Amino acid sequence: MSKPRIAFFDFTSCEGCQLNKLNLENDLLSLLELVDIVEFREAMDDTADTYDVAFIEGSISTPTCVKRIYDIRRRAKVLVSLGSCAVLGGVNAMKNLHPADWVQEAVYGEDKYLFPSMPVQPVSAYVKVDYEIRGCPMSTPEFLHVLKSIVLGRKPEIFDHAVCVECKLHENECVLDKGMFCLGPVSRAGCEAVCPENGQYCTGCRGLVSNANIAGAVGMLKRHGFSEQEARKKLQMYSSLNKLINEAECRHA
Amino acid sequence: MRKDLNIDVHHLTRVEGHGNIVVNMKNGVLQKAELDIVEAPRFFEAMLKGRNFMEVAIITSRICGICSLGHQIASLKATEKALGLEVSGQTKILRRILTDGATFQSNTLHALFLAAPDFLEVGSVFPLVNTHKDVVLAALRLKRLANDIGDVISGRAIHPIRCVPGGFTMLPGEKELKVLQERLKTEGMTDIRFIVDVIASLADKIPSFNRETEYISLTSEEEYALYDGVICSSDTGTYPVEKYLEITNEFVVAHSSSKHARFNRSSYMVGALARFNNNHQQLHPFAGEVAKKLGLSAPCFNPYMNTVAQLVEVAHCIENSIMLMDRLLSDGIRFEKPNQTPAQYGRGIAATEVPRGILFHDYTYNRQGNIVKANCIIPTGQNLENIDDDMKKLVPEIIDESKEEITHKLEMLVRSYDPCISCSVHMLDVEFIEE
Amino acid sequence: MNALEEKLNRFVKYRISEEDVRLLIDHLKQKAPVYAPHNSGEASFSYELVEKSTDVVLQYPRTMQPIKKFFLPPKEVLLNFNIKDNTYSKPEVPEETRIFFGIHSYEMASLKRLDYSFTQGHRESNYISRRKYAIFVGISYEPDESHFSKSVGIDVEETEGFDLFLLKNDTGYFLLEITETGKKLLDGYKENLVPDREELKLEPLRFKSKIKYHHNRLPSVFDHVYKSKVWEKYAEICVGCGTCNLLCSTCYCFDIRDEVELDAEHGSRTRYWDGCMLNTFAEVAGGENFRGSLARRTRHRLYRKFRYITAKSEMLHCVGCGRCSHYCPVGISMTDIVNDLIADHEEKQKREKI
Amino acid sequence: MENFALPTEDLYSPEIATITRVETLTESEKRFEIRMPGEKALNHKPGQFVEVSIFGFGEAPISICSSPTRGPLFELTVRATGRLTDKMHLLSEGSQIGIRGPFGNGFDPGAFKGKDILFVCGGIGLAPLKSLIDYTLDRREDFGRIIILYGTRNPSEILFPEEIKTWQSRKDVEFAITVDQASEEWQGNVGVITTLIPGLELDVKNTIVTVVGPPVMYKFVLMSLKGKRIPDENIYLSLERRMKCGVGKCGHCQINDTYVCQDGPVYHYPRVKQLEEAI
């Protein structure tokens, strides 16, 4: 079997996920044994026509982005979206919560027409996505897991349980015990609960678990002293495209 | 002599973010020589609007993955000033070490992985794995070591976790810190020595081009300023950080979704070379030796030498963090709860040096501790006008070389600034109407 | 003298100070590795290998992970395999003596439940190897808001399963010799100690009874509340995080996954704690899920504690450690659910009578 | 106190078996013939399953579709639906796989002696039932009428064409097949499997019914059987749940207080009626 040809592309994002791959120092050489990197603008000049696997970082937010993503999809056998921006719209999508005009004008004033922008969307809003690697930034072990699975020709496991599960497996002190709040109970795991492990609350960077009890989550935050509006804002940091967050009715006292 | 030239480098590689180089000469007249910033703007102000002070650094960190630590530090310092949150000496030392680590890692990444292939005439670092394995391995080790500083102290090098307003959510163990320090002393010093020797042998690959400009950085009486200081212009002297708007004078140009800046001249430069020019006397001795070995002496007006200045800083940061760790370890690391009870509300302005230059964050908070006004000025934005000016001087000087050679030199020029484009288009500058 | 006091008074006992307890730990450390509660954060405790006896916390409400972590580790490699040549090896599970020190009575009771689960039907070698030579030194504790083990029939001073037991008194502790193993452990430690012959009197009950019915009646309540509205009530606020499962002393469900190394050749088959409160736990082929709703998941969890295995093992599988309640991010308390079920059941009975 | 000194089991270590034959049945189903190391007999009962594993690809429960009366080699029919089963479809004769088991209760054919047996098989549900069908055919004299009803979504999904031919040709077997959607050349019954039931003439008291199929099928088949007045005690179902261990520990296959891997997969219908979460 010849080595899979893989490529990386970046859209609207902080490029932290790209950088995270360059931070694979210890594994980089073994990785190069496993695959051929044929395109990676942030690190190399080469380009290619087709790819076995295309990894997409960043969200789609301009007409140019849309054209590019269609083009990449056409040439890629497998397409993986990488990181919260690509999977969920990420923090970028918070801008959708405000009227587009206000946003443009706020930054560029009367020059706003120079730089067209559209509502921020995840990659899956435009093209078929085969696998998703969440996280802000994506976790390198998970990236390697998906890559190895693809090399072996099997579906990678993608977790759909709460961060609390991993947090408990690590026996981290629960930040709730320290009087903080946490989105871990409704946020998707896969990060090995790094934030609580480092004493910080979970911001829900991987989005919510599917089938999440959002009303319950709002109630949970209220229990920790937040207003209902503040609670929804907290849940929206990474999941602003999740309409249920504004809709779910919370009957919690 | 060539009369016409058209260069259009679409999505310049080996830089962070999306930019195009456009040069256009007609009948011997240079019509255009500019770096077009085509990155999609991200509108961070919309993300910050109404956000609580506890979340602001988490969000601004996402402006840029490469400079995430720098953004967090600037953000936390601005928030702390606005809310009157005092931080301890221990916190300041830890943040300084983190700043050293981030500068060390980013400069290494740029100099050795993104810029170095130019000197060795290849398109990326990957072919070097076969031709220069020992160099690549040493570079990888250095980068890992730099990232480990971030991992050990802030939980994660990209989008650090433990840095919060008022301090740290968790502190490194003394054992871990000792191990890390030992590695810096042995592994780190050995590898940087080796790398410097290699780069010194390639010195003739650096184009000779000079254009004197204004150099702006932080400066401090205590140390080679990275974490903190006052603004310093090589032309006009020092200014308090609060006066930053008078220095940056941002303006919008049509070819860039990032704003440009100018102060005393038509443009100014920030970054490693600016810091070196302004503060070189405060480098640690070993860094001074490295500068000498690599042929860098102040003042240096060759922007291509920015990459060399970055390596000098790597040496400095290794030495500096070893020294700071000594201080921490001799005092003993004490558990402290972060101070997060605001003493006031209002405006806070802070500056810090990130690898690419001086970074400003400016916030105003309401009485709920939520953001009402935010502004954030990023180094690459400040460099853009200077890059355009460099190109305008450079193109006529090399106009008789082949088009490929010109293109290559222009690419190298832009790259040597280590531009961080995604950063530059995420600026905030907005006043919110209070709800 | 009540029955419990009578039982305790049959054991040989010594009066020792807290200082002596530390010396005891040092003494035990010479015999085998000792695991005991330690501080693990601002307000958390966990069982760890003892390095210094002064690090051991003697009075604590509960550790975060229950003692099951030593017998059914949160993550355990079951096999190491080679994909290319289809071979594997099973990592050796050492059968060693380990001393667990400062263990509460409900924790010991939970192990009895796990013993049942791992020896009934198929007798799992991994669990049994770890469990075989374990020695336990119990300690009494001050129940907090979330504890309710008395309500499920487990006294603070219950000594069953322990080899030695430390009973707190006003000056220090009574050290009780429970088993022959325990007695032998004290060889070389108690040389200067004289058995205390004074009759032991327990302090009046410190436990508030937190469940309305006697524990013997609970399984029968569960015969009638399967369709209760109470499940919906809690499902509304439960967020399905699974914390209550993962930290439960008697939960033992797991997942098994194959993980491969970067050479795409070596790998391991690893098991992880799992939980029936999690969204996809009971999903079946075609995406169907017979326990999709939180109400059904909550119901299943409680039936597992009070009815299902209970019928066969004749033990309630909730030991009242209070972990599920203490760590629940929305503050759902096990005893509240049970009391609501009891109330619902009573109401139904009343209605039926009329 | 539990006696920890008693013998224990290495529950999760598979035996490495060899695939001796692969037969493509449909686009998504293949049949595998397997040889245990040393050509050891599996000693299974019809209706039992094994945990099949491929290193790096995981494990899954697969029913044994051959009868224990047919020698030491055994057969599995596998539908490619995921990690393990997709990989299995790439294997060929001589490849090795891991086997644990047999697990589960299986059917007790001894208890069906002298009875008429009605097999209701939906889709891949024919695979586990084939094991029992073959068993009863190999001991034909022990049983009364043998009636096989088989339904699939469309003709291209029909499993075991060879066996079906034999069943159709045998005088002592009553066989009927139906498809949900017919193709051009299909001449047989069209309609869901329940359409085959009303027309049957049965000695209801003396007929044992075994039902295996996708989850949705059970409710409808049971309704039809009720229409036929088949006593509940005469009905057996085989249920499917995801499993991680196969030995009654992992909890995934639990239906109320029963474990499919221990108390099932074959359930007596009266028991199923007490299990709210079963179907």
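Going by the order they are written in, the chains are A, B, C and D; count residues from 1 in each one.
Just so it is clear, a contact is a pair of C-beta atoms (placed from the backbone, for glycine too) under 8 Å apart; a residue touches a chain by one contact, two chains touch by 3 or more.
Given the structure is predicted, the values throughout are model-derived calculations rather than measurements.
*Asks:* What chain is most central when centres are computed from CA atoms?
*Replies:* Chain A is the most central one.
*Asks:* If I count C-beta pairs in contact for every pair of chains, which pair wins?
*Replies:* A-B
*Asks:* What's the chain with its C-alpha centre farthest out from subunit B?
*Replies:* Centre of mass proxy via C-alpha means gives D as farthest from subunit B.
*Asks:* Go ahead and note the Å separation of the Cα centroids belonging to subunit A and subunit C.
*Replies:* Centre separation, subunit A to subunit C: 37 Å.
*Asks:* So how far apart, in whole Å, are subunit A and subunit B when each is placed at the average of its C-alpha atoms?
*Replies:* Inter-chain centre distance comes to 25 Å.
*Asks:* Could you work out how far the Cα centre of subunit A sits from that of subunit D, in whole Å?
*Replies:* Between these chains, centre-to-centre, one finds 42 Å.
*Asks:* Between subunit B and subunit D, what distance separates the C-alpha centroids? Give it in angstrom.
*Replies:* Here subunit B and subunit D have centroids separated by 65 Å.
*Asks:* Residue numbers in subunit A touching 2 or more other chains?
*Replies:* Touching at least two other chains: 152.
*Asks:* List, in ascending order, every residue of subunit B touching at least 2 other chains.
*Replies:* Expected reply: no residues.
*Asks:* Out of subunit D, which residues touch more than one other chain, so two or more?
*Replies:* Answer for subunit D, listing residues that touch two or more other chains: 56-57.
*Asks:* I'd like to see which chains touch which, written out pair by pair.
*Replies:* Touching chain pairs, listed by label, are A-B, A-C, A-D, C-D.
*Asks:* Would you tell me which residues of subunit A are touching subunit D in their complex?
*Replies:* Listed in rising order, the residues of subunit A that touch subunit D are 152-155.
*Asks:* Mind pulling up the subunit D residues that touch subunit C in the complex?
*Replies:* 2, 4-14, 16, 53, 55-59, 81, 96, 98, 214-215, 240-242, 244-245, 247-252, 254-257, 262, 276-278
*Asks:* Residues of subunit C touching subunit D in their complex?
*Replies:* Spelled out, the residues of subunit C in touch with subunit D are 78-79, 81-83, 86-88, 90, 115-126, 128-129, 131-132, 226, 252-258, 260, 267, 269, 271, 274, 276, 281-286, 288, 290-291, 296, 300, 303, 307-309, 311.
*Asks:* Which subunit D residues qualify as touching subunit A in the complex?
*Replies:* Per the touch definition, subunit D meets subunit A at residues 56-57, 82-83, 86-87, 90.
*Asks:* State the interface residues of subunit A toward subunit C in the complex, per the touch definition above.
*Replies:* For subunit A paired with subunit C, touching residues are 27, 30-31, 33-34, 144-145, 148-149, 151-152, 157, 160-162, 164-165, 168-174, 176-178, 182, 184-186, 209-213, 215-217, 219-220, 223, 251-252.
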